[in-house]
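Reviewing the structure listed below.
First chain written, first letter: the chains are A, B, C and D, and each begins at residue 1.
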Amino acid sequence: MTDFTPDEMMTIAAARQLRNDDVCFVGIGAPSAACNVARLTHAPDITLIYESGTIGTSPEVLPLSIGDGELCETALTTVGVPEMFRYWLMGGRISVGFLGAAQLDRFGNINTTVIGDYHNPKVRLPGGGGAPEIATSCGEIYITLKQAPRSMVSKIDFFTSFGHGEGGDHRQRLGIKTKGPTLLITDLAIWRPDPETKEFVVHSIHRGATKEMIQETCGWTVRYADNVDETPVPTDDELGTLRDLQARTTAAHSGKRDAA
Amino acid sequence: MTDFTPDEMMTIAAARQLRNDDVCFVGIGAPSAACNVARLTHAPDITLIYESGTIGTSPEVLPLSIGDGELCETALTTVGVPEMFRYWLMGGRISVGFLGAAQLDRFGNINTTVIGDYHNPKVRLPGGGGAPEIATSCGEIYITLKQAPRSMVSKIDFFTSFGHGEGGDHRQRLGIKTKGPTLLITDLAIWRPDPETKEFVVHSIHRGATKEMIQETCGWTVRYADNVDETPVPTDDELGTLRDLQARTTAAHSGKRDAA
Amino acid sequence: MSKFVPLSQAVSDNLHDGDVVAFEGFTHLIPHAAAHEAIRQGFKDLTLLRMTPDIVYDQMIGMGMAKKVIFSYAGNPGVGLLRRMRDAIENEYPRAIETVEHSHSAMAQAYEAGASGLPLAVFRGYKGADLPKVNPDIKMIECPYTGEKLATVPAHQPDVAFIHAQKADAKGNVLIEGIIGVQKEVALAAKRVVVTVEEMVPDFADLHPNLCILPHWTVDAIAVVPGGAHPSYTFGYYQRDNAAYLDWDKISSDRELFAAWMQENVLSATPEVFAERVRGLKND
Amino acid sequence: MSKFVPLSQAVSDNLHDGDVVAFEGFTHLIPHAAAHEAIRQGFKDLTLLRMTPDIVYDQMIGMGMAKKVIFSYAGNPGVGLLRRMRDAIENEYPRAIETVEHSHSAMAQAYEAGASGLPLAVFRGYKGADLPKVNPDIKMIECPYTGEKLATVPAHQPDVAFIHAQKADAKGNVLIEGIIGVQKEVALAAKRVVVTVEEMVPDFADLHPNLCILPHWTVDAIAVVPGGAHPSYTFGYYQRDNAAYLDWDKISSDRELFAAWMQENVLSATPEVFAERVRGLKND
């Protein structure tokens, strides 16, 4: 199947990275779609946790917010938010945390707080939410992002959450014991950190994307792995699962009064 | 009614001190009986909390332990033990804490840890349990105790829980904001701390008890309030309620296999 | 019980100008009706406390009621930014507001510390993050056992908390279920607690022993307001009105449109309209 | 699921000589069957961790398996003292044991800190009490906001935790209800977790969403042992055998009587006897 959008490729490429025994802290948007596609395809037993306190959810439709009733109804159990952050996140029970970004640098550091100066911002963004501790408490971090020069920048305006800092062993120097960002999946490529410098390098390019497109939408000079693959295109099953999920979601969320 | 034992008088005198709007942290034994007699007589809406996590219990029979199923079955809600100690006790929501003692001094300091040296004890007692924080977190502390020279001593071997320390403003000097022991009810008398020195003085003597009996069973020189009353004897209702409760309790706990 | 009062009285008895107030709810059970009543009564100089200030705080900020907001994520969930709050921060319209920003973990644990009567929360957090540079309330202490540097934040102890819940019984005990968020913690951390509920039931007999319940003696006032969480939702009663959240993005994007909407839907409305608003959203 | 194993294997796979081990239960759900299996397998030099060591720890101490006990209340609940534990402390029989003593509040919060992955618990406690003088693990820190001195204790992080619970589902998720004690916290604080349950059910469908559940991926081994808490009780299954607690006072008062009782009722017994022991105690 070749009839797919870059967004779909991004979601499906992210879904493939998840294992059946992963415990994922899921954010809204592309991460939520990816996690649920994984659950509905190759990873039926994956544990999805949303920061609203729902543990082991299997929603029929994607939630619009992090705390939709659907998440609670389909969860194994729902705990309070303080417990979620204490026992489950800080307790070190999450294998994969998914984060998005307004600004991302080459070392996986993320800004979702402000554009411009913090005290006199050009744009006041929503802020970090769970991200500052997700970034350091989860076993590893996967980042999904649509490439754009204003998003992939050489220097972020604010460290909402810490990736690899200045690179190298910066995490260890701060006493952080988790791996941090190990994967960046964009609408054009799959990136992984260089084992030494921790700078993200492209390992796989999605069909239809080019090195030129990747560089044009990235604010730093892109580096490539020695062997760059083409990302396998979505299978019929993957694409069908994603589209069905999104169709169910649109139907459920668009109706206002008749959604009952 | 005059046909009552000193133990019954102690329990009933303690029950009378409780108000309908009190929130009590209840220990096993005499405190539990007193709290439930209060609930079954003049204080039907009193909130009884046991440290096992049961909030607002109304047991039909007295529990043998602090965590009997009866407490949970009749509770408004049952929370975990960490929450009990954090939100409910340390959170400052308990108006009255009831404590017993193996050794008690004239300032309401209590020992339930060891007789003799801590590291080489003559008798190893059970220890403090919740008492160290009950003594400082509850609004005020009521103590019940059968008088005996080995129990009411001039110097306790170990400060399991802090009463008024050396007396006077010792609590305030330690930064403790609660009142501490405000009442001591024995099988012979009702004692209250002197407003200045905080030493327990006798305010009321139970019928059948004498000043001689009180002094003989107390290891310090007993002081008396200016006006010492006679404790009103148990009413028919009080005594009937207590005896019915104890009869139900005995019946429920004595049967082993046929208790089901 | 005298605890059951009309919403207008519950608000006027317990909220005052200058208070630190939390209208809490984590997507679920957001006390919109109570917040709208507070808007109608026109309080000033409030410090608004909440993990996820969303449209109801956008409304209060847009009405100029807030001098300060303490928060960890200020967005319209699943939709985007809070445009009235942005206008206040970026353009000081209708007035300047101070912001004190935390992570979710810090906020949740600050409520937990407040409920526990402690002056601070201690946790592993903020490592490598910039928030400690811009929020002087965030400090670090050293673990006396391991030497690890741990973060601290002051406990939240609001003057008054407003929450919405499913049910109260006749004595005024309150039941919360589903996504319980920080509802219990904010109530126990606050000096005064006002609860709106979907309904009053005679008692909670036959409920599971371990449910999330606030005993009546922890609650100051209860108002029965069916639909009182709309456009948020009440698990077991009605669904989230996602369309209303999408609409808000438009309404809040324009100062005049906002003012007109507030006049029609809040200032000229009453708590009774909430029951009507959730009619089409009810669960089977 | 391979998580479901016979009790003997669950114990031998997860417990080792020298381990810090918690058999937790707050009057309710005390994992007697698992402890008896550990006694039969004859482990040595254990550090026993528990808020309320009662007769099952008295038995293990009396059998000489413990080198250290960390606790907050060592008594036979509602009956009196622990006579085997006293014999060990007062007379070093059958061996000397070290004791590390806390308050309940400290122990509960140390489990909570362990479950939270923190190195310590910080709380308001021990004011004026003598325990800090005899337990060097108790330290004080100063609140950076208020200057108040607060107590700290190291987090509990046992090598292995044993708990008893009502039910597991086919995937190995575990349900705990009634007096839930510190069951969840000790399980989440421990490196390895063994659970005995009354029964296995296909799934937890139709249960209330907010119940106390340990997901299967937090549990290492599950053994189905009906009656496995006896003479403690399992809410919803059978009552506490109060008479057995009263009997223990006699049995434990004499070294030889104790040895004979252990031989007959533990060393020569199997997990299957527990179902028989609760037969007359079952709830309707």
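Just so it is clear, a residue touches a chain if its C-beta (ideal position, glycine included) is under 8 Å from a C-beta of that chain, and two chains touch if they have at least 3 such contacts.
Bear in mind the structure is a predicted one, so any value in this text is a computation, not a measurement.
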Path length in steps (a step moves to a chain that is touched) from subunit C to subunit D: 1
Between subunit B and subunit D, centroid-to-centroid distance (C-alpha), Å: 28
Rounded Å distance between subunit A and subunit B, as computed from the means of their C-alpha atoms: 57
Computed distance of Cα centres, subunit D from subunit A, in Å: 40
Residues of subunit A engaged with two or more neighbouring chains: 72, 78-79, 86, 90, 137
Residue list for subunit C, restricted to those that touch at least two other chains: 112, 116-118, 123-124, 148, 178, 180, 184-185, 209-212, 235
Listing of all chain pairs that touch each other, if any do: A-C, A-D, B-C, B-D, C-D
Contact set on subunit D toward subunit A in their complex: 112, 115-118, 173, 184-185, 188, 204, 209-213, 215, 217-218
Partner subunit D, residues of subunit B touching it in the complex: 28, 51-54, 63-69, 71-72, 78-82, 84-86, 89-90, 113, 118-119, 121-133, 135-137, 158-162, 165, 170-171, 174-176, 253-260
Residues of subunit C touching subunit D in the complex: 116-120, 122-124, 139, 141, 143-146, 148, 150, 152, 154, 177-178, 180, 208-212, 235
Contact set on subunit D toward subunit B in their complex: 26-28, 51-52, 71-75, 77-79, 81-82, 85-86, 89-90, 101, 103-105, 108-109, 111-112, 123-131, 134, 148-149, 178-182, 184-185, 212, 233, 235, 238-245, 279-284
Touching residues (chain side subunit B, partner subunit C) in the complex: 21, 23, 47, 55-56, 72-73, 75-79, 86-87, 90-93, 137
